[in-house]
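Just passing along the structure, written as structure tokens.
Every chain is named by a letter (A, B, C and D) in the order it is written, and numbering of its residues begins at 1.
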């Protein structure tokens, strides 16, 4: 079966979840990836949405983090202050998913503005749950299409901290989680170098050349010696992924 | 109808509640008084117990602050952290009731130890909700039998603050409520003097002489010029009070 | 004790020009009808507070009601940008909009502090980000361990407005499903208005329900359908199509103005 | 993921000599069976934490399990004193008992801080009282207003033990009625054990229920009747007579020892 690059991203992200992982999930590709994991190799993955739904098991892909189906299928629904204080901040989340508009080489993320804060070229939605997800989850996975506009030398605004200025930064800032373990893009997967904590090309997706990934990165991208090619999505993965639909899509499909 | 001095105390306390008052209630006479008020002139009195029951409307007098009937009849049941933070501390309670083992002339209360803290003659249960009830309720009513052992010149331990060392103390300590508005005893009712904030005899119960109240007080008790005699419990009050029973008492009564 | 009022009375009495107003709702139970009434009553210079300003705040901002926005995520969920918000920020139209920008965790802690009448909330947050320059955050030291933590100034709105499933005739409010920060927003506010789908004789207990006692509220108003296009658990579904259509309507000043005139200003209350 | 264990296994694996243990329950749902198992397994030198130490703590203290008590109100509710607690404090029998004494509000804030992994909680409390000398309270200044507030050190027990109505086979726990500080006590603890009246296939939703997800717990054990003489909402009533009888039993060292031998040590588990 052929697949789109977005499907490849969802599959690559889903594969990084283990059965039983407790995941803090946002809408879009993260939610798709977490639900794909739940539908395939990680049926006991616990999904937490920042709307306060713990252990949501949606049949349809939610369109927003506050869909009624999340509450209906959750083990528990708690208030937003509680979800951030007792669950996220307390270090109970294994994997946090984040998107962003920009990342730098240390996985610091911008989801606030492009351009100057006071006179922005583009005003983005803002941090939402991201700053503390990046700070407190045991690990964070970032999903983001790769281009020189998104993989930048210097962020316009630092909304969430990946590895700050490099080794020692997270410790100095008192951040409790390990930080970003992978950035999954439409071209491949980047992982922090164990020494420098700089995002390094660890995998390319099938059909993608290294030079393509390097060209799509605004800093001189380091490439791992043991660079791998991502395994192509399996038929089972693609089937499960394509079966994930929002209630509206399901309705339109009849 | 004749009445006991304990009945007089409950009636006197109940009369100080207004319809619609939100009351933070402990077990024993406070609970009796609040439920008496609810059964007579103040049917919309809102009872809050520190177990987290808001708007409890028990048919039977509860034996503990955590009786199941309180939860069953409450408008809402919340956790203990919430009841103290969002409800008591936030200043939403009109009237707090407190008992104690000792009071001093400024209405500071001891419910911790008699004697030295480390080598007590009597180890009492401790503060429980009292310190913050005394601090945060708009007004506090104290119910306490009067004797030289309970109305003392100097507390063995200050568990809860009435008026501290006198005028200005509450403000300096940052306490938000007005403090104690009355101490209701088996002999009469004491109120703080508006100038000195010293507890002053404002009423004697029927059949009690002023000298009796003075003799039962461990400090030189000031007597208000306009000293009144408490109105005798009415037949309606006594009837309603005697109808208040715990479920066990009701069962034993058959 | 909450007074039962009409929505028109409630907004007229509770919301004044220049007030700090929180209309809360986390995807679910968003008080659209109350927001429209604020637009109809032409309030100006409001400081609007909300974790997730979405379509109703886009409308309030585009209609010129707001001078300031305190928020943590401003977008059209699942669709994209809020074009009226962006235009106010990027071009100062129809009014310049000052921003105080938080994270969700920070705003949640700030509301909780407000509800508890504490002057600040404490969290592990904001460290290393560029947000502190645009929000109300200070650093405090734990008096026991010496750790450095973020302190956020408590949110204490003049008016808190939320929508709920139902209330009884005493003004006791019951809401269930995703409850967001609504309880905190109401308890943190000096005055509060709750719009409800219906006013009933008795509130049947419901699993997961949050109760707001009537005596802790200022006013309750019936506003059936008052959360549309968001949803009300147990009453109606989210009108996802509207959120998609809003993207086109809100991109254009004229289309936006037309929509507000037709659906808000000239709409039957 | 919570393991389903027997009560005996749960206590053996989770509670060691010298541990800090919170057995919580606010009048309702007091984990008596778990307390008895601790006595049977002859744990020593425990720091016991609880807002309202009552009969079960009187038993643990009288049986010599405790070296330290962190509490805010220690009495036999509606009856009077805890005689074993008093004897430990007043006469050091059977062991001296060190006290760390709080108010309810202070302990609740300290548990909430522990559950949120903050090193301290903030409250308006303790000011002007003699308690600060006997508790863990410091004064902090609001970085925005300069107000002086109380800070309490977070409670982080080694083990949190609570009783609940039921759990499913995944260890998800459901409890309802008065819920006290149980959620906070469990979430603040490094390890947790929940005893339940029954383990069921599916947890039917119940109004007002608190859910503790199995993955956030260490172990769940069936202990039917495990809250007696306290009560379990929906299962059995409080045995008020027992609390009255306890007053006489506990006044006398010998009668107490006899009772413990008969009803705890030699009782079938």
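In this text, contacts are C-beta pairs under 8 Å (C-beta built on N, C-alpha and C of every residue); 3 or more make two chains touch, one makes a residue touch a chain.
Everything numeric here is computed off the predicted structure, so don't read it as measured data.
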Interface with more contacting C-beta pairs, comparing B-C to A-C: A-C
Taking each chain's C-alpha mean as its centre, the one farthest from chain A: B
Computed distance of Cα centres, chain C from chain B, in Å: 40
Where chain A and chain C are represented by their mean Cα positions, the distance between them in whole Å: 28
Whole-Å separation of chain centres (CA-atom averages), chain A against chain B: 56
Sites on chain D at which at least two other chains make contact: 112, 117-118, 123-124, 147, 149, 183-184, 208
Junction residues of chain A - those touching two or more other chains: 85, 89, 176
Contact graph of the chains (line, ring, star, complete, other): other
Touch relationships between chains, expressed as pairs: A-C, A-D, B-C, B-D, C-D
Residues of chain C defined as touching chain B within the complex: 1, 112, 115-118, 172, 183-184, 187, 211, 213, 215-216
Of all residues in chain D, those that touch chain C in their complex: 117-120, 122-124, 136, 138-140, 142-145, 147, 149, 151, 153, 205-209
Residues of chain C touching chain A in the complex: 26-28, 51-52, 71-75, 77-78, 81-82, 85-86, 89-90, 101-106, 108-109, 111-112, 123-131, 133-134, 147-149, 177-181, 183-184, 208, 210, 231, 233, 237-238, 240-241
Contact footprint of chain D on chain B as seen in their complex: 27-28, 50-53, 63-68, 70-71, 77, 79-81, 84-85, 88-89, 112, 117, 119-132, 135-136, 157-161, 164, 169, 173-176, 246, 248
Sites on chain B touched by chain C in the complex: 20, 22, 44, 46, 54-55, 75-76, 85-86, 89-92, 176
